[in-house]
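Each of the two complexes below includes chain A, the first together with chain B, the second together with chain C.
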Partner chain A sequence: MNPPRAINPLHVAGIAALACLIALPFVTPAYFLHIVIQILLWGFIYTAWSIMGRFGFVSLGHGAFMGVGAYVPALLWNYEGVTPWLGIPAGVALSVLLAVVIGYPCFRFRVIGHYFALVTLALSEVVLRTITAARDITGGSLGMTQKLAGHSWYALQFPDKRYFYGIALVVWLGGLLVWRWVDRGIEREALEAISEDEEAAASLGIDVMREKLRVTVVSAALTSVGGSLFGQYLAYLNPETVSGIAVSLQIVFAAIAGGMYALLGPTVGAFLTIALNEGLRVWFGTNFIGAANTIYGILLILFIIFMPRGIMGVIENLRMPRRAPAPAPAE
Partner chain B sequence: MDIYLLEAVINGLLLGGVLALLALGLNLIFGVIDVVWIAYADLVMCGMYAVYWLHVAGWPLWAASLAAIAGVAVLGVLVHVLIIAPVLRAPPINQLLATGGLLFFLQSFTTLLFGTDFRNIGVRLPIIEMGDIFISFARLLAFGFALVGAVALYVFLKRTYLGVAIRAISQDREIMGLMGVDQRRIYLVTSLIGGALAGLGGCLLVLQYDVHPFLGNTFGPLIFMICVLGGLGNMIGGFVASFIISQIISIGGYYYSTEWAYVLAFTLFIVLMFIRPRGILAR
Partner chain C sequence: MLSLAAVSAGYGSFRALFDVSLDVEAGEAVGVIGPNGAGKTTMMRVISGLVPMDAGAMTFDGRSLDGLSAHRIVERGIAHVPENRRLFPRLTVEDNLRIGAFIPQARAKIAERMAWVYDLFPRLKERREQLAGTLSGGEQQMCAIGRALMSGPKLLLMDEPSAGLAPLVVQQVFDLVRRIRAEGLTVLIVEQNVQQVLEVVDRAYLLEVGRIHLAGSSAELKNNDLIRRSYMGL
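So, the complex of A and B:
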């Protein structure tokens, strides 16, 4: 599927953009940097979701992986003094385990469409309720804070936002690479075949179970890493902000609004939602806490109705009008 | 038998009635229109706010309740016309996500109107004492009205022309157009009834619980779970499932804590989905 290579103006633009991103922390105020870090981290998580979402496996359970990713390293650090360098992989391992435990039977018993969405939604509820119920160690719905260690690579805590900016940038780029790797691989063709017709795909010799599990595991692991970094960055965890139906839906929406079929789509979704949120917050002040999300909700409905392929989908269609638009998230 | 356990069982039964009513409404919409309204619990929340607001403004409770039911019923029609109808031919998951946008909208719009405070309607109903068992009259009332609502729906579906048409269309969507049934009209009526049931549920719940904008996040997943457990579109299954789930939550809450009971209920749901994917009553 690789297009023939010449000096691609897009690559030049990409390199220029990257240079700007690297220079950014040295020229911007802390507040602005805070917003860019959020865009990068959420962009990473949305990209992780779209790795499976683009093949029609619409998971409402990514809040579960995010919650596990955020809480496991924080709990290990607070109670056992284990460095997040080990805690984050532990969170990833648990998330992958959850993904397989839920994913395998789902794929085995052909739980798809609505049913897949609702089963994964139940998973994110299980994680949310478990965190809330285990309030003796997690602080329940009051949330928890990591023990502070000042500036420390060992504790992965940095009062200076520029360090987190660097980490977020690297991780985000890593997420894009993984997305591209899935996009370029032979697996993509297999997965697209599966999302169109499982039986037909299986009859062509595609190992449906293996392909589905693979993207699910990759997606869950990346989401878990995103959750961990979010927890480390904010240094405060609350079950409602990292897990549950609201977070899961937010992930799905931003990915769709930005466009989950394009490399930068989920990041555009993150940029859009966060810019909108911050903009409306500044504009309206704190008197109208609901205003941003009210507009957000209306926009989401409009997106689903009028441009299910998202902003990047529309831009791509403008650039390549001959390519027939594939139906958006198939069952 | 432990008296507190018995009390938990009775409370579970009473909660089950209201959940059954809501599951019925969601199930009706799924069975007929083939769409999952993920914001259904948020319509219930709107009904609760309507009763609260009208009652605080001086309306008697019965009038506020009737107005709330009518209001949410109209809201149900609006949801269909504005959100579902444009995506009726889109993949099912898009329909689910469109109502997910509605969820964000309703939650934040009520935040805008009422703030995030927990509001209590301030109606104090008596506690009934039977032997050593205390039963809240509000819950008993809710249970009674929920059953009346369920039976009324049943009679409507069985005995009226429109009801028969609704059941027929849920069995075969394509053929009914040829039989001279106006699909669009049936969908509108179904959305109206689904909305009215959500409104009724709101009236019954506002007597027992404080209302706040994010209430739907607590109730919503529970109601979907019940519908899916019963088999989406299978009303009797949903009825049975709501009592199973409410007992798990009530008895589990008695032995451990409500949160752990929820964990148990959702885990059981996931497991049952793999064992009986078409619902507990599926053949």
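So, the complex of A and C:
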């Protein structure tokens, strides 16, 4: 028999927040809902990146998985009429394959740190170039529009944003659950050990290769799903907005700014970047195009110097002042 | 128990070990002594699967170790306390120990083994919540040994346990080795501190420039002129 559990104020707050999120689409205007959907979808993708990023496996290639996730179901739908319910898993399969093809040799030959980041950076550019070069089917840099099917579960297309809001909310929560699942158990400690000293970890019986591949594959698969849903939501794909170095760097920036070591950090990062983007757009209109990137750049420098654990990292330190401040992530 | 037969190994085109043969019987403590750069650490890394063997054969408990990756070798019952301890400095002492029990057969026994390690090294229990990087040198060595013991090994490989420690602490570390022996573990220990290590091992090998030059009981080696002159300064 279980003793009656004490009511945890954090749980109450979490349930209240969730209730608000569920009620949200019924009370907000469409524009606001559009912003929240973007925050949830990007938050999910940033969470997916941080699942591996927080162990020092810094990938600058997640734009590749996002691009694959976005384009595979769209192409299958437009040309073969295959439902995204099959197209999305196909995208995940291709992303996982890419992750293994890149990850296996990197992990086998101990390509870590900056070198790993550079390899993955190249990957994201290769995917971008491939999409652009296949312009006969992808529309190249002009982008492509999905064949519209109206309101359809089969085509995963909904003119009513509230449906996508629901999907984004469920998927985002799913991402948080995967994070918790990675956190539970000894694998998390193994990953931390690997990130501190791979050889010492190996000498203690940790299969470094398997642990790294596993977390990479999980991260790539989730990112791919995020890319798919983003494509389905926008019903328009452009290689520059779903793939390539710019997207990869945006993922890294948002995750660092929000705090990649905390469960909600990446989501906070999504909130921050999207609020910034929209705010600049509304305030400056078209007078100041490109300002967002400049401000991103400045903020990134400031964050890395003064808040290497991001906003959530600072909040955690405030909440637990007794614990020694955690050192900056090793590069 | 452990047997190396004509093992050669190196890094790329550089060869560090030539035809090294060595045996460790169950319950023994065996030392490998020799100067810097003799290949002692490489030998330990070959045994624990971190460096591949170029030629020769290794067996443990009658089964071949050839070509096994590092985690498989730990599963066979060989634990490695690496040179310079290689703790995870940003994890607590207790987390370091827990990671030592990563292999499947050890996970079920984490609580039991941790109690045993804390029993063996009460100091670690006092420091359990502390980050490993904040321990003193001697405590770090304790933590590294404890971490290795968590996998429940039959054979413990210790690479230069006294390196970088103050003389008084070196004494304490060799006391730890005695305590581990008393627990019935077999120990293979690599050391530059020849005088001290010959006090705790039964037999020793002299490794120089990648080859075994001498082998004998501790008493024999202590009275060997070459060893006395070159390694003990007597």
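Just so we're on the same page, the second predicted complex is superposed on the first by the 319 of 331 C-alpha atoms of A that agree within 3 Å, B and C clash if a C-alpha of one lies under 4 Å from a C-alpha of the other, contacts with A are read in each partner's own complex, and residues count from 1 in each chain.
Simple rule for what comes next: a contact is a pair of C-beta atoms (placed from the backbone, for glycine too) under 8 Å apart; a residue touches a chain by one contact, two chains touch by 3 or more.
Computed from a prediction, not measured in an experiment: that's the story for all the values here.
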### Task
Once the two structures are overlaid on chain A, check if chain B and chain C clash or fit side by side.
fit
### Query
Which of the two partners, first being chain B and second being chain C, lies in contact with A:I256: first, second, both, or neither?
first
### Message
Between chain B and chain C, whom does A:R129 touch in the aligned arrangement: first, second, both, or neither?
### Response
first
### Message
Comparing chain B against chain C, which has contacts with more of the residues in chain A?
### Response
B
### Query
What is the contact status of A:E192 with respect to chain B (first) and chain C (second): first, second, both, or neither?
second
### Cα-centre angle that chain B and chain C span when viewed from chain A, reported as a multiple of 10 degrees
80
### Query
After lining up the shared chain so the two structures overlap, which partner does A:V58 touch, if you call chain B first and chain C second: first, second, both or neither?
first
### Query
Touching A:N293 in the superposition: chain B (first), chain C (second), both, neither?
first
### Which of chain B and chain C A:I206 touches, first, second, both or neither
second
### Message
Please give the nearest C-alpha separation between chain B and chain C in the three-chain superposition, to the whole Å.
### Response
10
### Query
For chain A, which residues lie in the overlap of the chain B contacts and the chain C contacts?
327
### Query
What part of chain B is in contact with chain A in the complex they form?
36, 38, 83, 86-87, 90-94, 96-98, 100-113, 115-116, 213-214, 217, 220-221, 224-225, 228, 232, 257, 259-260, 262-263, 266-267, 269-270, 273-274, 277
### Query
Which chain A residues qualify as touching chain B in the complex?
56, 58, 102, 105-106, 108-111, 113-115, 117-119, 121-123, 125-126, 129-130, 132-133, 244-246, 249, 252-253, 256, 288-294, 296-301, 303-305, 308, 327-331
### Message
Going by the contact rule set out above, which residues of chain C touch chain A in the complex?
### Response
48-50, 69-71, 74-75, 79-80, 82, 86-91, 95, 98-103, 106-107, 131, 147-148, 151
### Message
With touch defined as at the start, can you tell me which chain A residues reach chain C in the complex?
### Response
186, 189-190, 192-193, 196-197, 199-208, 324, 326-327
